[in-house]
Structures are given as C-alpha cells and as structure tokens.
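Next up, some structures in structure tokens.
Each of the next two complexes has chain A plus one other chain: chain B in the first, chain C in the second.
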Partner chain A sequence: MFQWAWKSLFKQPGNLTGSALGIAFAFILVIFFDAVWQGESEQVVAYPENIKPDIWVMQSGVGNMHMAMSFVWDWKADKIASMPGVKQVTPILYLNNVITAGDTKMFAFIVGLLPDAQRAGPWSMSAGRQLENSGEVIIPDVLSGLTGVGIGDQLRITDRDFTVVGLSSGTYSSANTVLFVPFKDLEDILSSTGTYSYLLVDVDEGIDAKALAAQIRNEVEKVNALPHDEFIKNDFSLARQMGVEIIVMMTAICSVLAALIVAFTSYSLVMRKRQEIAIIKALGVTNRLIFYSVMLQTGLVTLYGFIISVVFALFIIPYIPLLVPQLTLIVSLESLLQLGMIAFIVAISGALLPTHMVLRLDPATAFHV
Partner chain B sequence: MIKLALRQAQLDPLRTLLTAFALGAVIAVILVMEGFEQGQYYQLEQIVLNRKADLIATQSCVTNFIAVRSSIPQLSRAEVESVDGVINAHPVTAIPVIYTKNNIRTPVYVLVYDLKGGPSSIINGHAIKNGNDIVIDISLAKKYQIQLGDSFYVTDFEFKVSGITEEAAFMMPFAFINYDGMLDLFIESEIAPDLSTFPLLSYMLIELAPTADRDWVAQQIEATVPSVDVVTPQQLAENDINMGKVFYGPIMGLLVTIAYVIGMLVVGLIMYSDVRSRLHSFSVLKALGFPLAKLFTAVFLQSLLLLIIAIPLGILLALVIAAFIETASPVYLIRIFEPVIFSQTLMASFAFALIGALIPLRVILRSDPMMAFQRT
Partner chain C sequence: MSSPILSAQHISKYYGSGHTKVRAVDDVSLDIQPGELVLIMGPSGSGKTTLLSMLGGLLKPSQGAIEIEGIDIAQLKEAELPNIRALKIGFIFQTFNLLDALTVEENILFPSQLRIEKAGQARQRADELIQQLKLERRRFSLPQTLSGGEKQRVAIARALINEPKLILADEPTGNLDSQTGQEVMMILHDIARDHGYAVIMVTHDPRVEDIADRIMWLEDGALRDRKSETHKWVHDPVCGMRIDEWKANIKYEYKDERYVFCSERCKQRFEKNPMEYVSIKK
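So, the complex of A and B:
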C-alpha cells in the first residue's frame, strides 16, 4: 500500500515538483519574515554588542540604547572612574536623527567620540581612517554604496556638513545605521555642555561586573548601571517586540497557504486515483492503511517543499544582501526547527480533506465502467 | 470557451473552492503586506496633518517631524508671532522616551503642547487638565493594560492617564502632555542636568489670519527668524513619508516580490495539475480541430474564473487578518483599500491568471489527438 502511495506520487514528477515549489515558496516567505526580523533585531544591538564594555551607565530610568535618550553629568563619569575595580570609563554622546546623504534622507544613530575614545568607535573599517578633526564623520560602507557618498564627500546632520573620512563595516541596517562624529561636534548639535549620553565602563580583571553595576547604582545618584549582557538583552527584546504581531500573522497565513497547497495536491491525486483506491478497498485493504498512505503522500510532498525551502534559506538567502545591501538577513536554526514543526502541522492539516474523501469512497465504484 | 471554463469549475466544486481559497490566501498575503506599508505611510502623514497647523516652523535645516531632533530657540516664538499674517505660533516639543513596565520596553514619542497640537481625538477619558495628566495611544493602553487614572511613569516621573487617543506612527505610539508636565518631568526626574540639552521647543504650529498669503508669510518668517525653516504640514508629512520609504521600501519590496512569485506559482501549479488531469479532454478537443489558441483561451478563462472567485475571498481574508493585527496591536494600521495598491494587486492577480495559463501550455502542445481514441 505504501509502495502504491510512493509510486503514484512520483509517477507525476511535474505535479509533485510544482506542489513542492508552491509549499516551499510559502515557507520561504515565512523564513524571509523571520530572517528580516531576526537580522534587524541583531543589527539593532550591533553597536553595543561589538563595543562590549563590562558595564553600561546611563540616565536613571533608561535601560537600553535603541531609540532611547540619555544624559548624564560629566562629574558622574569622574566619580565612577575613581571607584575601586573600575579600569576605565569611556563616555559617548548619542543622538537619533535624520541625516542627509546625497539625495537620501534617512534615520540614523550618531555617536559622538572623544579624541581618545577609539574604544567606542567603529570596530571594523573597510576604508579610510579614524576621526582626527572637527567636521569629520565615519559612515557605514553600505550607506556609502547606496548613496554614492564616499570618502571626501559631504554628509549633513541637521544644519552641519561633515566630511566623510572613513567607511565602517557592520554598522548599517534599515533600523539602525550608526555614524561616528567627533564629540565636540555632536555636543554643538545638541547644544549641550558637560553631559554624556552613556558611560562605557571597563572593570579590572576579577571584578564582578554585576556587583559593581549595583554599587554604581547605589553610590551615584540618578544613574542606571547595567552589566553588558542585561543591557543587550533589553535592547534586543525592544527590537524583537516591534513587529512581532505582523510576523506571527504572516507566519500563520503562509502556513495556511502551504496547508491549502498540500490539500490541493493530495486531493487532486486522490480524485485522480479514486478508482484505483476503490479497487484497493474492494480487495480488502483496511481504511486505516489507506489513511496512512494518504498521510504518507502529504507528508512526502510537504517534506519535499520543506527541504527546498531550507536549501533556499541556507544557500540563497545569505547572498541576497549582495543584491539588496540594505537588508540584514539572519536565518537561525531555531526558526528552521520551528518551521519544521509548522510543516508537520501543515502536512496533517493538508491531509484532512483527502483522507476524508478516501474513507468515504465506496468500494463498489471499483466495478463501475 | 467561457462555457467550458464554467463547466470545468462546476464539475468539482470542492476542488474549485480549495483552489480559490489557496489563491485567496496568496492575494490576502499580498494585500496585508502592501496594506501594512501603506498604513505606515498614512500614519506618518496623519501625525503631522493632525496637528492642524497652517504652517509649521522647524529648526533651520530640519525637514522632518518624526525621528528627528528639532530645537528652536524659545525667543524665536515671539519673533514669529510678530510677522504680519501670523495669529499665533503654538509651541510643540517632541521627546522620544522608552516606556518600561514589567520589563517590557516600548519606544514612545511624547508630544508636549500648549493650546494646539494635542491629541486629534480622545476615544476614552478627557484631554489634559493639569501637569500630571497624560493622554496615551490605545496601543500602549492595550499592551500594558493601562486604565484611565492609572500611573504612567516616564523616567521615574509619575503621570496619570487622563485620556486614550489613537495616534501612532513609525511603529511608535504617541503620548501627549502639556508644558507644566514637561517641566515637572525635567526637573523632578533630573532628566537632564542642563535643560538646554533638551529641546524645550521643537516645532511651532503657525496659525495664520484668514486673509494671509501662506507662501508670503512663510518667506517673511524665514527672512525674519533665521533659526527656523517654515514648511507646510503637507511638505513635512511628505518628507516623513519619503524617509519611511527609505526604511520600509527594501524590506517590503522583497517580501511582496516573493508573495507575487508564490501567487504565480500557485496559479501555475493549479492549472498545470488541472490540464494534466484533463489531458484526454484536450486531446479530444484537438482531434475535433480546436486550434491551440482556443485551448489556451479556455485554460486562461478557467484561471481567470478561479481568480474572480478568489479575489473576494482574498479581500475578506485580508480584512480579517488586518482586523486581528489592529486589534492585537493598534500601533499598526493596515490600509488594504489604498486605491493605487489595491488596483495594482488586482492587476497582478490577472497577470497571475495569464502566467498561470502559460505554464501548462507545453502539456497542451504535447497532447496527442490520437489519445482521443484511447480509453482513459
């Protein structure tokens, strides 16, 4: 019986491949949604993740960086620097704003760096040099590629023109493009003096960052201090929850679509082979065995589609940012496993209608001409 | 040929329904994605237009309302109001904050206003009466289960929710406070050691005399007050939409393209499968002398018929999904019936029908009229 199921399915490879492709593309859409979401979420934390101080200090009531605004007195940085166990404190200024690069206006995160604060600057440069003078900016290489603004060109932040002196890599995403400018310039844009946005605290070897963060919170008034992991977790969870409802709904509808394609394929197959199935029934094969055979067919079609989508995810998606460099796509094993579970449910739901048809089929129809 | 296509659809209604549902699901996916993108642009537009200004003054060289820092010297308000034709320059300040409760964080755009520029509508509760009042977007109220009168902490400062509104943009809910509230927030929470760090005045909503020439007044203000630029609300909204397109365009473009490919594949698969199962019938038609063009027309009409059934199903499904998303998270707006996008999706559906009919063409071409005389 299972051999019949196998043979009848593979006898029409065109139908099988077409159905598998339809299912695969529905799954690919789900993978894409997740990859974009995952990629953008990861990229949102790219700056703090790569800078990686042991402790982040910020204004009280603030607990992350993405889309946040924080200001801390400069004397608080000195106070923290003098605390036992603190190796160094690197202050940064930080601003979310719209920038103008060529003809493109886009949302960006601007980090103001003190002259000796390369520790908080770009972690990977693809061209050019670090900041040395006022009026200079380091922009992501992807932004340069998209806008045509390269080294030596001008870029505008609010009412100030900056000259591009370096291109950084790993600092671009649709939601979180990171630019670096001299501290003083950003201070002027913000009209601020004597304040920092975040303090990057590195601790001495052997010091417990969590305990030191708690000590900073207790001893320095009106600041929040978080160990690096907790800070990243806050930023990542903020990014992840934005758009989650859309992702869930689109995953659901794409799964329904895949189930409908499975049902359609299996139903078409069953309807075409109904006389054969009637003969099989007339020969005494039990309903249960026929049911399992139909399930096997839907399972195989779904598996075929799932394999195509996984192959696509692993071998094609990584190359898509070459065509669309604005996108950061990350396919996680976790999402593929989740999709596997969805595929299993899809196979079962897709089998419901055809199995119902098969079980109701009258063996007497085997003798109709 | 139309009759043949109709009869074919009636022959197996269950299969026709299954097919229509599959196609409907594809159309729904496309409509929801396009609707989501259009909804974002609509919200970006409305958040500016709802401030109900004749002209808007921004910091010089600032050309956006959302996601931008605009800081205008406070004295410039009096300078703007001294220009002929200006009745009032209502101050508005924008403060982006991260609202945190139960360890869940949400970026919120707090708009501070005086007399104009507040929430466009209050769906529950009342407008701001004192400095402790705050009006929040319904998505925040739902997400954190906040009721009227509940506390709403912004960087340790306690506001009381006096009203619920429906204003969100750029995937961010909005909240509204007045200037008493802002000053209390800044001072009591020591939000900034140096108040000048924060923009105390971000925009001015300019109210013109009924007889004033808008363009002339805008030019006069820019000439008189160099620290500001003056734009119409429509221009500012357009700038925000363009910024939104840079943000959403590549992502949504890619996803919609995939959805279109799926649509073509699904129609193609269905028609291919259908033609394969009716190969004998096509052989008979060929033996009867029907030209290939007629047979193709029959397949095309059949796929068209399926899409005509599928389109209302797809729209219905898209409306249900949109309603679900908007109910679960009111920060999103799904605009399915945006005329350009809606008609574009319908046109694409007809393209699906055409391409779907082309895919099984090879099978029809290869069908042998001799098969008409064989038993199936």
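So, the complex of A and C:
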C-alpha cells in the first residue's frame, strides 16, 4: 500500500516538484522574515555588543540602551573611577534622533565621544579616520552607500551640519544606525553640561563584574549598574519584543499560506488519483490505510518543500546582504527547528480535507468510468 | 450438491423515496456453486452493475441477504467489508483498473499485502500466475506499455492472487477486440472449470453464452425470461464456444472443411490433434 503511495507520488515528478516549490516558497518567506528579524535584533545591540565593557552604568531605572535615555552626573563617574577594582571608566553621551543625509531622513543613535575615549568609538573602520575636531562625524559605510553621502560631505543632526570624516562598518541596521560625533558637539546639541549618558566601566583582572556592579548600585546614589551580559540581554529582549508581534503575524500568515498550498496540493493529488483510490478501496484496502497513505504523500511533499527551503536558507540567504547591504540576515538552527515544527503542523492540517474526501469516496465508482 | 459460494436472497436496491423512488435491483435471488460460470446479461441500465456491486460488498442492498461462504455481508459493518473484498472476492473491471505507478508484478501482488501470510508465499503464487497468463516478459512493465489483452490478464492475475472463491467480472471483454476478448473469456472459463472458482460475469457479449453454465437476464432490475435473438452461429470445435462466423478471424482448413476458433489457443490445440475435435459439429 505504501509502495503505491510512494510510487504514485513520484510518477509525475513535475507535479511533485511544482507542489514542493509552492510549499517551499511559503516556508522561505517564513525563514526570510525570521532571518530579517533575527538580523535586525542582533544589529540593534551591535554597539553595546561590540564595545563590550565589563559593567554598564546608567541612570537609575534605566536598564538598556536601545530607545532609552539616561543622565548620570559627571562626579559619579569620578566616584566610580576611584572605587577599588575599577580599571577604567569611559563616559559617553547618547542621543536617539532623526538625521538628514542627502535627501534621506532616518532614525539614528548618535554617540558622543570624548577625545580620549576611542575605546567607545567605532570598532571597525572601512574608510577615513577617527574623530579629531569639532563638527566631524563617522557614519556607517552602508548609510554612505545608500545616500551617496561620503567622506567630506555634510550630514545634518538636529539643526547642526557635520562633515563626514570616516566610514564605519557593522554599525548599520534599518532600525538602528549608529553615528559617532565629538562629545562637545553632542553636549551642545543637548544643551547639557556635566552629565553623561552611560559609563563604560572596565574592571581589573580577577574582579567579579557582577559583584562590582552591585557595589556600584549600593554606593553610588541614583545609578543602575549592570554586568555586560545582563545589559545586552535587556537590550536584546527589548529589541525582540518590538518586532515580535509583526514577525509572529508574518509567520502565521506564511504558515497559513503554506497550509493552503499543502491542502491544495494534497487535494489535487487526491482528485487525480480519485479513480485509483476507488479501485484500491474496491480491492479491499481499508480507509485507515488509505488515510495513512494520503498523509504519507502529503508529508513527503511537505518534507520536499521543507528541504528546498532549508537549502535556500543555508546557501542563498547568507549571500543576499552582499546584494542588499542594508539587510542583516541571520538564520539560526533554532528558527529552522521551529520551521520544522510548523511544517509538520502544516502537513497535518493541509491533509485533513483531502483525507476526509478519500474516506467518503464510494468504492463502487471503480465500476463506473 | 456442495453449498453455494454465494447466495443472494431477495435482494433489492432502491434509490430515493416516495414518488421519486427508483428500483435499481428488485427482489433478485441467486445461488452460485463452486466451478460455475454465470453470466448476468441485460440491456443498459437494467441494474447489472448495481447487482454486481452489491454481490461484491461495494454497495449495501436496501433489502435481502447476501452470503459469501456463509457470511451475510449485508449485515456487516462498513469497516468489515474491505476484509471480505480483499480475501473472498476477486474483481475484474471493464477498464482493467490497474494502478498506473506499479509494475505488472506489483499490481498482481497488491491485494496480497492485505492478507496475513508467510513472506514469499504470495510471490510464489504471483510467479505461477504470471507464467499461467503468459506475462513473463511483461513482469516489470508499467500498465501504460501493455496492450488491452495484457492489461486484462494482469487484472485477472490480481483477482486470483489471494485465491478467493468468487470472481466478479464487469464487462471484462468490453474494451478488447474480438480475438483478445475471446482469449480472456477462455481464461475465465478455465478458471471456473479447472480451478473451481465461481465466476459471475456481467456482459453484453453474446459469444460467451455457450461457455457459461447459466445465463441470467436482468431487465428493469429484476431477473426475467431471456428474449429470443436471431444469430447465425458456428461453434469452436475445441471449446464449443459459439462464434459469429462472419466476424471470426481465426480459421483453419482441414480436409476441405473450414473451422473457426474463438482464439489462437483453441486453434493451436486443434492443429496438434484435429481428429480429437472433428467429430464436434461446426
């Protein structure tokens, strides 16, 4: 019986591949949206992830960086710097705002760097130099490619023009573009003095960052101090929360689409094999065996589509950012396993209607042609 | 007399109700003994296929009892019927109804998968049937590459693989040319005569009448007296089958006498030893 199911499925390889490609298309959409979401989520935390101090110190009540605002008095930085076990404190100013690059307006995170705070600056430069003077800015190379604003060109942050002196790499995402400007310039934009946004604390060798962070929270009033891992975790989960509803919705839509394609494929398969199914019923095959056979065929078509989509995910998706540099795509094993589960559910639900039809098929139709 | 393989008592099949009630089969009774070849004939729409479907457990009668080897299949639940069909009945269809994706051998073996038995037994039976029905060279061919006669021989082998006592054939020669049809007929005749199968055949083909043990005429769903027909017939000297001399293709001259045959098989038998058959009237 299963031999018939197997062979009749592969009797028309064109139809089978067409159906599998349809299913694969829906699965590829699921993988792609998930990869975009994963990539964007990772990119949102690219700055803290790459700067990676041992401890982040910020205003009390603030626990992350993405879309956050924090003010810490400068004397608190001095106090922390004098604490035993603290190797170095690097203050930064930080602003979320819209920038204008050429004709393009976009949301960006602007980091103000002190002259001696290169430790908090861009971790990878693709062109140009570091900041040296007032009125200079380092922008992501992808932003430069998208807007045509390059080294020596002007870029506006709030009401001030800056000259691009360097291009950094790994600092662009559609949700979070990181720009670097001199500390004083950002202070001027914010009209503030004597405050920092975040303090990047490095600890001496052998010092437990978690314990020191707790000590800072206890000894310095109205600040929050978190070890790097905890800080990143907060930022990452916030970034994921911001997109999770959209991605869940997209995944649900694509899964329903895949289920419809599977159902249609399975339905077509059953309709094409209607006469043969009536014959095997007449010959004495039970409804249960036929049900399993149709489920097997549906499962195989879905598996075929799943394999095509996984091959696409592993061998094609990684090359898409080369063509579309503004996209950061990450395909994780977890998301592929999740897709496997979706595929299984899709196969089951897609086969329900056709198997129901099979069970109702009258075996006496084997006599009527 | 041995007990019948199949016994149908007062079976009827109605569709609709009230003024729209249609009697497809009306109070039909019949007993079929082992080794009998019974024809069910009648005009189109007379209820032949409906009757055959009920006898084969494919359709429940509205009334009456159908016993196959003592089991009343009309009383069985739907879920119990497939097992009866698989083990006790062999089906032969007009359009052969082979499974396209399977080879000749796989088609023949298909029903055997529904029977619990030792591995290799079914294959051994399949080998014998393939040999008997001269399908050796077609063992691994797909149905689409077979001639009509070959397809029907495969269907016959498939019907016999589980060794059912009852064979139901619906117009088995309907899609075959005259000569091939006669060969298929002879195979079914031999199955009944030599192997003791009960064969019920629905057909329009009058050439089969002389090899049948009984002919039942179904009209308006009920068994009736046979209407007379006017034909000019001669007989195959080997098997005795009635043949339309004007349409017969297989002929042989022996001692200035012309003989016609239903199939090459009969002609070959005749050629081997004509004296054995010449005493039979043409």
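The rule is simple: the second predicted complex is superposed on the first by the 369 of 369 C-alpha atoms of A that agree within 3 Å, B and C clash if a C-alpha of one lies under 4 Å from a C-alpha of the other, contacts with A are read in each partner's own complex, and residues count from 1 in each chain.
Keep in mind that, in the parts below, a contact is a pair of C-beta atoms (placed from the backbone, for glycine too) under 8 Å apart; a residue touches a chain by one contact, two chains touch by 3 or more.
Being a predicted model, the structure only gives us computed values, none of them experimental.
Once the complexes are laid over each other on chain A, chain B and chain C both fit without any clash. When both complexes are overlaid on chain A, the residue A:V311 reaches neither chain B nor chain C. In the superposition on chain A, no contact is made by A:L337 with either chain B or chain C. Once chain A of one complex is fitted onto chain A of the other, the partner contacts of A:I345 are absent, as it touches neither chain B nor chain C.
When the two complexes are overlaid on their common chain A, residue A:V256 makes contact with chain B while staying clear of chain C.
Touch criterion met: A:Q3 reaches chain C, while chain B stays clear of it.
Contacts of A:E276 after superposition: chain C is touched, whereas chain B is not reached.
Draw one line from the C-alpha centre of chain A to that of chain B and another to that of chain C; the angle between them is 90°, to the nearest 10.
Contacts of A:A211 after superposition on the shared chain: neither chain B nor chain C is touched.
In the superposed three-chain model, the partner touching more residues of chain A is B, compared with the other of chain B and chain C. Taking every C-alpha of chain B against every C-alpha of chain C after the fit on chain A, the minimum distance is 9 Å. On chain B, the positions that touch chain A within their shared complex are 12, 14-15, 18-19, 21-22, 25-26, 28-29, 32-33, 36, 59-64, 67-69, 71, 95-98, 100, 104-107, 153-156, 171-172, 189-194, 196-198, 239, 242-243, 246-248, 250-251, 254-255, 258-259, 261-262, 265-266, 268-270, 272-273, 276-277, 317, 321, 324-325, 328-329, 332. Interface residues of chain A, counted against chain C in their complex, comprise 1, 3-4, 7-8, 10-11, 275-276, 279-287, 362-364, 366-369. Across the complex, chain B is touched by residues 12, 14-15, 18-19, 21-22, 25-26, 28-29, 32-33, 36, 40, 59-64, 66-69, 71-73, 95-98, 104-107, 156, 158-159, 174-175, 189-195, 222, 234, 237-238, 241-243, 245-246, 249-250, 253-254, 256-257, 260-261, 263-265, 267-268, 271-272, 320, 324, 326-327, 353 of chain A.
Taken together, the chain C residues at the contact with chain A in this complex read 49, 52-53, 56, 58-59, 79, 82-87, 89, 91, 93-95, 97, 99-102, 106, 110-111, 113-114, 158, 170.
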